[in-house]
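As written, the chains take the letters A, B, C, D and E, and residue 1 is the first residue of each chain.
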Amino acid sequence: MDAYQSVGIRRRLKRFFRRDGRALIFAMDHGFEHGPADFEPVWEHVDPRIIMRKVVRAGIDGVMMLPGVTRLAVDELKPDTGLMIKLTSKTELRPKDEQLLQSQLGFVEDAIKLGADAIAATVYWGSPQEDVMMRQFAEIASYAHDLGFPIVQFAYPRGPYINEKYGSKEDYRVVMYGARAAVEIGADMIKTYWTGSKETFAKVVDAAAGVPVLLSGGAKTDSPVDFLKLVWEVIEAGGAGAVVGRNIFQRENPEPMIRALLRVVHRNEDPEEAAKAEGLL
Amino acid sequence: MDAYQSVGIRRRLKRFFRRDGRALIFAMDHGFEHGPADFEPVWEHVDPRIIMRKVVRAGIDGVMMLPGVTRLAVDELKPDTGLMIKLTSKTELRPKDEQLLQSQLGFVEDAIKLGADAIAATVYWGSPQEDVMMRQFAEIASYAHDLGFPIVQFAYPRGPYINEKYGSKEDYRVVMYGARAAVEIGADMIKTYWTGSKETFAKVVDAAAGVPVLLSGGAKTDSPVDFLKLVWEVIEAGGAGAVVGRNIFQRENPEPMIRALLRVVHRNEDPEEAAKAEGLL
Amino acid sequence: MDAYQSVGIRRRLKRFFRRDGRALIFAMDHGFEHGPADFEPVWEHVDPRIIMRKVVRAGIDGVMMLPGVTRLAVDELKPDTGLMIKLTSKTELRPKDEQLLQSQLGFVEDAIKLGADAIAATVYWGSPQEDVMMRQFAEIASYAHDLGFPIVQFAYPRGPYINEKYGSKEDYRVVMYGARAAVEIGADMIKTYWTGSKETFAKVVDAAAGVPVLLSGGAKTDSPVDFLKLVWEVIEAGGAGAVVGRNIFQRENPEPMIRALLRVVHRNEDPEEAAKAEGLL
Amino acid sequence: MDAYQSVGIRRRLKRFFRRDGRALIFAMDHGFEHGPADFEPVWEHVDPRIIMRKVVRAGIDGVMMLPGVTRLAVDELKPDTGLMIKLTSKTELRPKDEQLLQSQLGFVEDAIKLGADAIAATVYWGSPQEDVMMRQFAEIASYAHDLGFPIVQFAYPRGPYINEKYGSKEDYRVVMYGARAAVEIGADMIKTYWTGSKETFAKVVDAAAGVPVLLSGGAKTDSPVDFLKLVWEVIEAGGAGAVVGRNIFQRENPEPMIRALLRVVHRNEDPEEAAKAEGLL
Amino acid sequence: MDAYQSVGIRRRLKRFFRRDGRALIFAMDHGFEHGPADFEPVWEHVDPRIIMRKVVRAGIDGVMMLPGVTRLAVDELKPDTGLMIKLTSKTELRPKDEQLLQSQLGFVEDAIKLGADAIAATVYWGSPQEDVMMRQFAEIASYAHDLGFPIVQFAYPRGPYINEKYGSKEDYRVVMYGARAAVEIGADMIKTYWTGSKETFAKVVDAAAGVPVLLSGGAKTDSPVDFLKLVWEVIEAGGAGAVVGRNIFQRENPEPMIRALLRVVHRNEDPEEAAKAEGLL
């Protein structure tokens, strides 16, 4: 017989993943993690209500925010829009070496109070403070799971030793290590870097052994099609979708981009055709 | 600024109430409160998966179950089907005077683990054990509210003194008293008896002072139209919808009944026309 | 993704149920619930080590004991013998009306310390103290589930009103009510009375909606074949096995009886043939 | 590997039981349970220091007291005298039917603070308040065990229904029922009534399945030899010794009585010869 | 009398150790501790279900995993396969000096929820952070023991001073120091390094004073026989078995290797003959 917690985890994950097991999630924690300057390309998006309304209307599967912004923007969501609340972050104002630590800025209960469907936290695998983030993640995960909430890890390898040994944190051996570590510590969903190719990303997916792996969208690409192509490769590699921020909110008209992404994620459409269908080409 | 809890309560209530502020909710705690004999008219409905699948497919807004059955049936729900979990009940096997008490059979955490959107408990206002149920409700409500979950009261006046003084527990003075008591103790949604007329039910709605009042469906009516008419009157009286069990699961084909009810509740359709449109007449 | 608790519940239930989903469990709480006089037919069985050794050697799937006796007898078990520890009971020395209450004599932690694979508690549905036992069961179940332990309900309708209304506590309407109540409160396994026929017991199984229902073995039958026939009917009705005490420990040589029962439970063998094969006829 | 708790329990039990597995324990809770009038035959024994000094000098294995008296008398004990502290009692001043309940008058921590080697509590099996005492004993035992302290049950069947059904609370069927119930709830040592014969007391010992059973000494016998004979029969029946109060402190010179009892308990000496050797005949 | 905790510890240890007191345990925490690159020799083994299925089928006594992978792979275990869950680790992505610390990534409750039979944690004796790991181990052990779970220490001396003083962490004086420290802090089972010879490993076993010592398998040997010889020497030295990872999962066909190891561990077979019998030579 199922534990009650499994029932809740399953029910809540359904608010992100469609029957195809894939999801397109909008990320908007940049005001904290990068600072509001990230909104300068389209300044009105600094108001979370405005960008959230557009994103939801375009049919996004889920959204990710920090607690305080969730409070402001939640009325824009539909009852079945997945709401992921992230409990850790750090500012860019910190000294550089303190930026290898994500600190807790809210609690599992906060996310529950706000109506979350999933709870997220970052671990910088390889950081000199990996120890702190491991235990922090374990505590968040254990408590969230106990109340039936799925837990998402932003599994981001990052640290001095990584560059020294592997050359880059996007090296697939590094990325798949982070993804595997996320699995072994109990994550229900993983967000991570692009490894540069479909073949290497497939190894990340393998290492996750069935736990869904989503692309971390990263910086805005020059052309929309470039980003659609990237997401297409993620899907081809067995990825479960993407968590996208700047490639959405730094565009004047985010809706066509979202609709094109949904075509790629859920219908395996060719990126160029998807772009054309939504008037992006 | 809104408390985080307000955000969660609002978000979760949206899974029951459409923009018109009305809801049609399927109730299935009868296996406990009345015994499985209630399913004998259509025995296959004793399997909660089967009846839940039909009900959800027909477009129900929300469902109400006890924890153990939720565990079995929850995969049939859509991500935006409101899930109300009830934490109190009593069997009909008990000695008569113990039946004026509803006992707790689960905890707020159980409901949360299972993915509940609202938590329900009964108070028999007027029972010799009103004291126990008042405090039990207050404790459940306080904890549920603290975590952002709306709380529903089945406000059922019932007790020796009521009959003596008012003749019947369906007397509108009695029903509106129960509804008002529910409001004063902090309920976010009320389920109560039919008072016999639109005019008197409107007084119940008034006494609830804005807290939504839903009809408790009660025993199966002889003809479907009779029940549709009853619900129509509730809506006309300002009621926020109905919580319906036997009038759904004791019918061989519950889907047309549900669709007709949705016409009445959300579109104010005439009961006879709604029945015809769904082939019930 | 599965909650950790589901993993534990599943792993532990496997120590009782074979791949066919059925189990034969030996019960030995009679020293408490009936008194040691129950062992007088074969007095050496009052020593739990002696009877347990015989029972395990004969290939039983699982055993059920109270905590203090578990302490004495556990070394006789095999690593994969399911160990069910019961946390409630009452003596027959109590005044009659206090016998409608089962009191707690141990805690979930006690069972865990002792190496339990499942935790059991009785509810006398219909008792004037149903209220107390409901909440007691809910508390035990909630805590056991939180640590990944399956919970078994001895769902025994019993009370003054039952006889009055249904004539007997073995009436199938009563038994299926108790089984359904056990499901709705979250039991993972149910032990209940025989209803007198395969057809009526099948309704009990239906009402349990997939939660396994096991026969409560009851008093020793005159001939071994009579009991084998009873268990055969349980299996035919869709039951998941039997929990047997007196029909095992009140026999001088319990091993052949157990082996014959295993034939009936796991191989659907004809009761007479099973009895012959084990030299009971 | 042993749990730390087992180590502590074993070490502490050794302060009562010699290598032969037997113990003679002096009981002095009579000032509470019967009132100080029990000391009137030898009034100076109302001072616990005086009687304790004599008893310890005579070579007793262990002593049993309530917490407050322990505080006064503990300096008389030798480092290896077993100290049993009892945590429940009732006065004889209570209304008769309240005397079927033993109430808690101290806590496990109190006993530990005082240097206890074992903790005792009474259960009146068959009392209308059996329910309360079961749970009370379970709580005391669970906590004491967790800290490595052995727990002693004064397993005293007592209640209206017992007399009705068995004629007397000393009927062996009743006494062995209480002893077995003590085992099943986790007692490490049992104190109970004499059943009238060696043969019947042997059945009590059987029912305890290896948990040591000690005689409850009871009222002062007319001649010392009568009491020595009784204890001799207990030992012959497999009993583990005796807990003796009035037969010690109501005698002017308790030392010879204790030394004679030690001869019977530990050397299986003939009662008459033991009495002669100590000048009691 | 035994504490309940001893009963549970004994019962659970039986799932690892056969009657000969020896065990062969499969280790698979490498995805975390070394990274998924460890699976590249046989990439399909990165899926824990696939390798676990093979390993269990070959007759392994027990397995060791981290919590998140246990969740994925547990259904492959048999009811009597010992399940050891490890609660500490570190990645190789960390800066070198942070790799002398193992951080907690799960809790005792997590292991219990998942159905663990034993709980493991590493202490790097000699690390500059020995202090942190000592206390961490003590806390895990104390809580696990209180609930009846055996605790395994990976007693790995490692630190700058060790190399300086002893030349190598595999020096027997170092290894036996770690093993003894594990015993003194309460470990029920020890996993440690090979000391290079049977004679020196026997001293490690002596220092453990009866607590079972298992070999940490280490890197894959060139030929299977080399590893079998190593394990044979461990057994000859009085070791209780081996915990083997890479020598199993880095082989295309791990089953013959496991079966050969079982011959050596449980039947004291000559390594070359065991290898031949399983077609490895």
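The definition used in the following text is that contacts are C-beta pairs under 8 Å (C-beta built on N, C-alpha and C of every residue); 3 or more make two chains touch, one makes a residue touch a chain.
Chain by chain, the UniProt names read as follows: A, B, C, D, E = fructose-bisphosphate aldolase.
A quick note: this is a predicted structure, and the numbers were derived from the prediction, not measured.
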Each chain counted as touching subunit A and subunit E at once: C
Distance from subunit E to subunit C - Cα centre to Cα centre, in angstrom: 38
Separation of mean Cα positions, subunit C and subunit A [Å, integer]: 48
Residues of subunit D engaged with two or more neighbouring chains: 186, 211
In contact (per the touch rule at the top): chain pairs: A-B, A-C, A-E, B-C, C-D, C-E, D-E
Footprint of subunit A on subunit B - complex, ascending: 1-5, 7-8, 10-12, 14-15, 67, 70-71, 74-75, 77-80, 82-83, 109-110, 112-115, 146-148
Touching residues on subunit C, where the partner in the complex is subunit A: 1-6, 8-9, 13, 145-146, 148, 150, 186, 188, 211
Complex contact set, residues of subunit A against subunit E: 125-128, 130-131, 134-135, 137-138, 142, 157, 159-162, 173-174, 176-178, 180-187, 203, 206-207, 209-211
In the complex, subunit B residues that touch subunit C: 29, 31-32, 35-37, 43, 46-49, 66-69, 71-72, 89-96, 98, 101, 103-107, 109-110
